[in-house]
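You will see chain A twice below: alongside chain B first, and alongside chain C after that.
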Partner chain A sequence: MRTLERPFPGTDTALNILAACLLLISFAMLSRRRTQRLVTLLAWQGMVLFVSTLLVAHSSGRVEMYYSAALTLLLKVIVLPLILHYLINRLGAQWDTETLVNIPAVMLAGLVLVIFAFGLAQPVSVLATTITRHTLGIALAVILLSFLMMITRRKAITQVIGFLAMENGLFFAATSTTYGMPMIIELGIALDVLVGVFILGIFFFQIREQFDSLDLHHLEALKED
Partner chain B sequence: MNTANALATAATTTLPLRMALTWVLAILALGVAGLARPNSIRLVARTLFAVGALACLGLAVLALGFLLRSQTPEVLILPLGLPDLPFHVRLDTLSAFFLLVLGLVGAGISSFSAGYFRAGEGTAPGLMGLHYHVFLASMGLVMLANDAYLFMVAWETMALSSFFLVVTQHRRGEIRKAGFLYLLMAHLGALCILFCFGLLHGGHWQFTFDAMRAARLAPAAASWTFVLALAGFGAKAGLVPFHVWLPEAHPAAPSPVSAMMSGLMLSTAAYGMVRVTFDLLQGRFWQWGLAMLAVGLFSALYGAIFAGVQTDMKRLLAYSSIENMGIVFSALGLALLFASSNMPLLAALALTAALIHTLNHALFKSLLFLATGSVMHATRQRSLGKLGGLIGRMPWVAGLALLGTLAIAGLPPLNGFVSEWLLLQSFLFTASLPHAFINMLVPLGAAVLALTLALAAYVMVKFYGIVFLGQPRESSLLEAHDANWVERAGLGWLGLACLLIGIMPQLALRLAAPVTAGLVGASVSLDGAFGWIAPVAAQQAAYNGLVLFVGILAIFGVTFLLVRLLAHGRLRRAAAWDCGYRWQTPRMQDSAEGFGQPIRHIFGPFFRMRRHLPAPEDPAPRYEVVIEDRLWRLFYAPLGRAVDWLADAVGVLQSGRLSIYLLFSFATLLLLLVFVL
Partner chain C sequence: MTPAALLRQLAQIILALALAPLFAGWIAQCRAWLQNRSAPPLTQPYRMLRKLFAKEVVLADNASPLFRATPYVLFGTMVLAAAIIPSLLTDLPFARVVDAIALIGAFATARVFLSLAAMDIGTAFGTLGARREMMIGFLAEPALLMVFFNAFLLFGSTAFPNLVERYTRHPSLLDPSVLFSAIAFVMVLLAENARIPIDNPATHLELTMVHEAMLLEYSARHLALAEWASSLKLYNYVCIGFALFLPWGIASSTQHGLWVLPVSLAALVCKLLLAGGVLVTIETLSAKLRVFRAPEFLAMAFLLAVLGLLVHLLLGAA
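For the complex of A and B:
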């Protein structure tokens, strides 16, 4: 293991605990059916990311990681959840209806995915030199679990939440393997996510206008017969 | 193969190349300038097109100077293009020759267009001018490109801008359909060319032409590259079986555009083929030459036969373009055959024939297309069955079209004869090839070529006779008016060039000599004195256009004088084509269908015919014959059905449910992860 610039007692353990929290939150998101609770969980996920980035920044002594952490706090903990809460209130979409597959089955599938992700991450994390390399499996698992959530929900707004959670997983993967992406790329992604949420918000209003509902099965007719 | 010239160090000065780029940019700027006042005919047509003609002329003069004077390749890297992938340009003798064709013919077409476009015809003139000039400039860039990126960008720009020109009158359904067919075939061809470049770099992933020239491909890869190039450029040139778009797209476009597409765009296909096979692949296997020869000859015959049975004058010319491009490609194939058998002199002869025929075809085909434009403006007709007798009403157009007709029919002393004669000469010297099998086959090819040329002449007799001779078949034709002087200038320019190359073929040979010297390492000898050209040996065959021209003029003059002297005062005027039978009406004249009838009978197996013959006691008799291309049924219909079937099969995946779509990407992601890690 490479020597750290400023050894910080217990950083390793703290990061592992944070990673575990991230995974737990992902499972919690899979099991929740209230949309607002999902947004809260998303904000928590952002919070965990913020803390872990801060820890990594401190232990590696990289200045740009502090910026990255600040960006995470601002965007993922404050701005995006606010926008989503506003959207949910305006659209009256507090409840997700039935999931497509029942929740216990989804949780089981999630378990299988986590094992799969750890199996995949094993050879990669051996190569990585960062302090957080053992958490790559968790990051991968978060990505896959969020994807699973997107598949099993049928409200448009939960799809967006799943998408954002997936982005969180990617971000965590980046910090855990390479001390984050170059700043310019990170800024680009942050902007993309923000703009994406805005555009999707506009779409929601349009979809509701058209169908009086946000349920995705209205979009299934590909042609007007 | 001689590649010393191709790899020669770049010239220190790049002035001609910079000037060529400037001219191309100037043409582009003219198109953009038209957008200032897009609805003004005065600005766009009368002014910009006229200036465009001058720019084309400048390009032609530049290319001419390069071919005659410096001849050393010049390269330049533009500060333009994708990041880390700047565009490379190069001016060598091959591109200069084709730029000369572009400039010469473009000048004629542009000056004709200055008088041609009228208000209220389809798209706004400014937009049309933009597409037109982008089309011209992109063809110039195709010839200057020295890497696959710039080549493909220019090639696709050419296809797209010409597509917009084809669908100028997009409110008519059949024109939209023709445009779509054209776009489809253009993209299929471009895809083949793209794959061809994908193979050409030979594993180095360097896409400049210099790197491709240096890469020695394995025989199998080289052969695949050749096949892809033949398919790609063949689709653009209209070789069978990719010819179907030509007879649809050319009639749909306005006449100057048809002239550009047929005269110039098909030439870029020939350019691309020469560039890839002779320059980049360095023509290595005789089998390639044989394949190209076969495809070219078949296309030539096919085009000539189908041109014979057309009743629409622009479709007839489109099929004739297929025939001419077939001739060019067969000449290229022959050159490849010789070059790969180490016979550089004969290869140079065949290549010269191909180059000069490309130039000639560009000249006379655009002349004829422009003439049909004048006829259409004057009469609002393009069906041959409703024209006739226009020589009296449109003497200028008729006279200049006659020049083009004689040239395309391959009659001396015009330019068509020169290239066809050179090609036949190179066919006749094939007995010395090292492969006995080909020695037997090639004379057969010469016979097919001779048949094609004869048929082409027949087709042109039909074209000219039905449109300009005889009596008007409709009363409205009596009000037909001649082209205005600007249009005449354009037609006259092209006609003059046809005549000049016919009378002084040594000029064209001198222009082609540096090109063939660079590509196959030899050039046709020009040592004949007093304008005699003898490509191989003077005792075997020699030709002098000027002597022939003077001879023909003398015989004509003497006959004229004799008739005037001997038959003076016994002049009697009668209706044309009445065969001495007084009560013949214009409707009884020989028709386009009548002209085509022998061909329909002799070459019956080529066509699918549906005929409606009137019954003897029918009070309103109607004769109708619809000719269809068998290839539609044999090749394209099964292809279409296969695509439909495939689309249906894939459509099963498309349920419309978002979760299913997400599941697909999820499964793909998992699979890829497993596969990669």
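For the complex of A and C:
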């Protein structure tokens, strides 16, 4: 049973549900084959992050959290998915399907990762005092699942999407343990992510020009020279 | 057991028997609307049943008694399940005695009998359907069990009436794990009731059939009973979903008075209309999976159910 003596009794439950949604989206990303769907899921993940940051800002009464939420909305829900859609269209990868390693096996590995993350977060969340402390385990799980996605995928675009999902997980971990990072660091990270996606976009074109495919498998051939 | 309780129990069973074909008709109607076809009337399943009951049974020469008994077993187990699941009210003598795990046992009994009967005649399609059904069944069952376990943990009981009553008493207890279990449950429901991502109920192509392939050899009243049982199965699953995730409107044992039953009946009908719409939307939006993708789909359901349990242990323990 949850304690209900806080000023906004619903916030706690709502945050837990949002965290669960985040985990759900991570698993959905792990199981999708279409690249375009992954971008949509990434945008949804950003949306969940935006709502949860807004809720934390509202209940903790910190003004800078509102800025951080606005930044999340602008960057993760609007700009990055647009850039990725543009890249996918330019590269002609809309209907690209990826042959994955056996999906149930990946899912089971993901489940083990979730258990690991929950176990890891348990002692930390006991010490924390923020209202979102229980969600730290989920944030860690999201990070590890994005890692898993980057490992199991072979296309360059999906790896970048995995990277962005990992950044989402880190952001969620930051808000859940410490009410977010200082504004200047957050701005720096946001800029880094944006520039990173631009640079990786240029890389995509270079990779495709060189190998006629976005499969990173081909890059391994470079070692022999 | 008082006569009043027995009467309530009987009323609920008769209601399930009457509503199940109507629910199937409603689904067919919604489906036709979404596909821009003119819809069959709501009572079409009833007309089908009447037609089939009036016909003469044709049996294969080598049909064993098992083949003839199976439709009755199917129908019986589904009626038993309808008696256990509190769809209208929770104060049911049957539901107090039998818990949710026994319910899964009842469904498994029906599955085993249907598969054996399908293989009994020895046609290729029957055997094929039976094997596929068993493959889907053995993957769907653990997922359903996990969904149940989550509810048991959440409300501390294995009996349906207690689950429903605790849920209605604490509506604020919206646990995040319920989200995961609900999605897992919908996936199991689709798989177990031969719905579209796994099996197409309206198919005429034997190679893609699962459930229909097992019924190919049945005719007349046997077929009618089997069809009625499968519509009852869908109704039962939907009612389990209501009991676990949308229990509002189900009359609890503490409520008395004449106005309770009409209210809960109205709530049930509204929920059924809604559930039919949602089910048809899912079916229309998704394409049928290859048979070899079915394990993937069900592994996903199992995984979501287990995740629900984990999330409950992490977040709910606070």
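The definition used in the following text is that the second predicted complex is superposed on the first by the 209 of 225 C-alpha atoms of A that agree within 3 Å, B and C clash if a C-alpha of one lies under 4 Å from a C-alpha of the other, contacts with A are read in each partner's own complex, and residues count from 1 in each chain.
One rule holds in what follows: contacts are C-beta pairs under 8 Å (C-beta built on N, C-alpha and C of every residue); 3 or more make two chains touch, one makes a residue touch a chain.
Keep in mind that this is a model prediction, so the values were computed, not measured.
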*Look at where chain B and chain C land on chain A after superposing the complexes, then choose clash or fit.*
fit
*When the two structures are overlaid on chain A, which partner does A:C21 contact: first (chain B), second (chain C), both, or neither?*
second
_Residues of chain A touched by chain B versus by chain C: which partner has the larger set?_
C
_Nearest 10 degrees is fine: what angle do the Cα centroids of chain B and chain C make about that of chain A?_
150
*Considering only the touch criterion stated at the top, classify A:T13 as touching first (chain B), second (chain C), both, or neither.*
second
*After superposition on the shared chain, which partner residues are touched by A:M107: those of chain B (first), chain C (second), both, or neither?*
second
*What is the contact status of A:I138 with respect to chain B (first) and chain C (second): first, second, both, or neither?*
second
*For A:H218, decide between first (touching chain B), second (touching chain C), both and neither.*
neither
*Report for A:H85: first if it touches chain B alone, second if chain C alone, otherwise both or neither.*
neither
_Taking the superposition on A as described, I'd like to know which of chain B and chain C A:R33 touches: first, second, both or neither._
neither
*asked:* Using only CA atoms and the superposition described at the top, report the least gap between chain B and chain C in Å.
replied: 17
*Which residues form the common part of the chain A surface touched by chain B and by chain C?*
none
*asked:* Under the stated contact criterion, what part of chain A meets chain B in this complex?
replied: 100, 116, 120, 123-124, 144, 147-148, 150-152, 154, 159, 216-217, 219-222
_Touching residues on chain C, where the partner in the complex is chain A_ = 172, 174-177, 179-180, 183, 295-296, 299-300, 303-304, 306-307, 310-311, 313-315, 318
*asked:* Can you tell me which positions in chain B touch chain A when the two form their complex?
replied: 654-659, 662-663, 665-666, 669-670, 673-674, 677
_chain A to chain C touching residues, read off their complex_ = 2-3, 13, 16-17, 19-21, 23-24, 27, 31, 103-104, 107-108, 110-111, 114-115, 118, 121-122, 134-135, 137-138
